[in-house]
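Letters A, B and C mark the chains as written, and numbering starts fresh at 1 in each.
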Amino acid sequence: MPHVVFSGSDAGRFTGGRTELEVTATTFRRLVRELDERFPGLGERVEVGMAVAIDGVIYQDAYAAPLAEGSEIVLIPKIGGG
Amino acid sequence: MNYIIPQSELKIVGTRPVRPDGVDKVTGRATFGADMTLAGMIWGKMLRSPHAHARIISIDTSKALALPGVRAVVTAADFPDIASEEAFVGEGPMNFRDLSRNCLARDKVLYEGHAVAAVAAASQSVAEAALELIDVTYEVLPHVIDVEAAMAAGAPILHEDMFTVGIEPKPTKPSNVAKRVAFAKGDAEAGFREADVIVEGRYTTQPVHQAYIEPHACLAQVAADGQAHIYSSTQGQFMVRAYCAKVLGWEIADIRSYPMEIGGGFGGKTLVYLEPVALALARKAGRPVKMVMTREEVFRASGPTSGAVIEVKLGARRDGTIVAAREVLKYQAGAFAGSPIGPGCMCGFAMYDLPNVDVVGYDVVSNRPKVAAYRAPGAPITSFAVESAMDDLARKLKIDPIALREMNGARDGSKTHYGVTHRDIGFLATLEAARSHPHYSAPLKPGQGRGVACGFWFNIGGESSGAVHVNEDGSISVVSGNPDIGGSRASMAMMAAEVLGVPIEHVRPIVGDTASIGFSHLTGGSRVTFATGMAVTQAAERVVDQLKQRAAQIWEIPPEAVEWKDGKAYPAGLNAGAFEPLTLAQIALKAGRTGGPISSEVTLNAQGAGPGFGCHICDVEVDRETGHVKILRYTAVQDVGKAIHPSYVEGQIQGGAAQGIGWALNEEYIYDKDGKMENAGFLDYRVPVASDLPLIEAVMVEVPNPRHPFGVRGVGEVPIVPPMAAVANAIRAATGLRMPDLPISPPKLRAALDAAAGAKAA
Amino acid sequence: MSKHHVTTKINGEETEFLCETQETLLDVLRNTLNLTGSKEGCASGDCGACSVIADGTLVCSCLMLGVEAEGKSITTVEGIAEGETLHPVQRQFLEHAALQCGFCTPGFIVATKALLDANPDPTEEEARYWLAGNLCRCTGYDKIIRAVMDAAAEMRGEARAA
């Protein structure tokens, strides 16, 4: 089961403080849905406001980003720029 | 990754051709936002709040409407009242309700300069006269400017519906703290107990403006059926279209947004101020409406970046290994929530491999213009603090400052405190290049000092479209949708030319409007050469495939038997047939007969943008009588991935460094007791001028990004991150004084020098 | 409000225009004469983006009234090139990539021409102080100064050859 880490404190208010989860989702899209099922509102928060770093590569707005067992999967605040 | 063309075989990428829009720019022919005119055009002007914080009781526009020559007046009542809707729309969290209220105030004005109403009239002077006739009744409220004052109990509250997010239990009283964020790795408390040496500091920075020389400008035209054209100087024509549609409640397809040449943005033109208002006026007036901000309006009413208070604590072992780091950041968001506190929390320690880290940040509103993105938003502020503390730590440990960073520096496989592991980065290579640069070991005279500081920025990818068309004579057109703020259109042409194997003179790039090219995320985040370059490169590759197929048809051989080299089709090997090579021109001539126009448009959402790192070395000389700091020598080292056009990469590095130097030494907003900006002009808002700076040596270290066909890494934002600490550390070296409060302007430095002398004497 | 009738010479051409009392020369150039090469960056004479040469003197056209152009000879950025032939200053700016957004460039081109007309052999420091009235936010001035010094050298070389 892919292991997901929430970086920062954005997710805590949905998960009751938990920052690490095992999930069944294998893509970012499925992750969003799974998070919404388990913690209502979290999935949308992740989809709109977070990026996912998989083994160090940052994916932003990518439903197909693959989550695999054994990967380092970290959800971080979305990045912009100026 | 296999780069599309081995680096040693590149013919165009890496050279320095003259930019295709260059002649227009040096002759004054290039058309910027305010240069655009349309027949029947009238002028729009904005009425702005004279108060830093007030309730709007009433607005009476009747006298203004009655003035001869006035064609339309709008207020927030002419915009739909949008419910709070958060979307991440490119350059940072954006709440459309806030954006709408920032364009025209509803219920309350939240900063001096906040737009309240707008007028369109036959001439600028009539429009200005009309503004005087608009009667606004205000109930003035107490205001708060300073970030810690805004956080304090009893501070005037800007938004009654703002309850701090990220605090448990959920607060029941509104406050000016929009949110609290926190990142942690390991156990910082335990780490500090282990430390042999501890360094602490409290740092402050003032809001600074991007200070692009071109004020915001746009021209709007709306037809009777609601179809609109908007010409503006913007970092994103698709963003303008989308934001205007949202704020006005119009359909996106009804708005055609044209990117004029833009006179600087640096993040400050990644949102809209005038455009929705100009469109509303144009619709009401039935005439094209031009709106241009004055320089004063730019300062009073367009977003600067945050001012901040930052506290840093570092703990290290005697050998230089940093065992614990803590940071508390309070960033000003201005009138509406949305400072870059997230990146601020992530960037300060991002370049180091630390076991125990604890970072907390606050996004705080106050009665100042809403902040807008400014080149690596959030990072320069945090790095000013962290890199100053690192310098103090190096001094305490008696370790060379670059060596200290090398010891603790992030490398491939290092895990940041925000949980992401670095991959394929160039920090150590950058440090080594800095350490071995002649500047680092050049002798200094008494009264002079040298400072070093580092910086990091993520760089982003995102959605881009790029099209490559083969014209009937074999010349090439490249179309993309990103306003060119630093020479990117030249790089697009160069990458396409490299793939096609033709001289750059035959490849002409244009930046298309929203109806002429597929969607592109705006220009910012150091993304264009990376993401749009990727789209253009792929489009060029598909064109090459098509060219081979057409040659195959002409020769009547299978397409696999055709090679493409140096702009020509060749039969692949003797078995394919003894055909003379076909040039682009020859194939283009037969395009119709072989299937139709030869062209490709690629759309993508580029992932895998590589972060960038910089290390700057700064020498200063301090005039103890005046407190004036002279920059003697400046070297900026940066890993740039692959420099498509080295002159433009150098330009980004030099420009970012200059902005950082201004931020360090002179730039700040000065407010009077009523919350009004006192220095809203270039005389008293002091940006660096030519006589303030030496030549700036830009050293490019090429550590290619394996996720881009040419190895491109974003470069534009990193260079503004190190300079403030580099300058402060140089001043520390020259004077023995740590200056933790920016800007280090002459009166401040002189006062510190006096105090130190007095303390010595006493 | 009745307008003033002004007769002047702009980029070598006899020109007439009407303007209001308070209109600056910059306003007239941009809005009446459609010479939009000169830019407004500040309207207070601090940024130099509106630089023109009036009777041989470098001025900020935002600090000059339209009526003050009467009888004068004005050179704007549009008059620096000779037809299709770029001035050495313009060419060196392109060679050196001394522009990024290009907004300050017209002002710098005009100010540099005025510098080299007054002093064909400036030191780097003299060039920097002369150009201190022209703000650039994109380049950090490095490539601009290199372009100016090379343009000066080129123009001195040509003069010697002639």
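A few points about this structure:
Methods note: a residue touches a chain if its C-beta (ideal position, glycine included) is under 8 Å from a C-beta of that chain, and two chains touch if they have at least 3 such contacts.
Fair warning: this is a prediction, and the values are worked out from it, not measured in the lab.
Chain contacts here run in a simple line, from one end chain through to the other with no loop closing.
For the pairs B-C and A-B, the larger set of C-beta contacts lies at B-C.
In this assembly, the C-alpha centroid of subunit A lies 55 Å from the C-alpha centroid of subunit C. Distance between subunit A and subunit B, defined via averaged C-alpha coordinates, is recorded as 26 Å. Looking at subunit A, no residue sits in touch with two or more other chains. Looking at subunit B, one finds that residues 210, 266 touch two or more other chains. Of all the residues in subunit B, the ones that touch subunit C in their complex are 16, 18-19, 21-23, 25-32, 34-35, 37, 125, 210-215, 261-266, 292, 294-295, 485-487, 645, 647-648, 650-652, 654-659, 681-683, 687-693, 695-696, 698. Interface residues of subunit A facing subunit B in the complex, by the touch rule stated above, are 5, 7-10, 12-13, 17, 48-49, 53, 55-62, 65, 72, 74, 76-82. Residue ranges of subunit C in contact with subunit B, taken from their complex: 1, 20, 22, 30, 34-44, 46-47, 49, 76-78, 80-81, 86, 90, 93-97, 99-106, 109, 124-125, 127-129, 131-146.
Residues 86-88, 90-93, 165-166, 168, 170, 180-183, 210, 266-268, 270, 340, 342-343, 345-346, 372-377, 418-423, 457-463, 524-527, 605, 607-609, 707, 714, 717 of subunit B touch subunit A in their complex.
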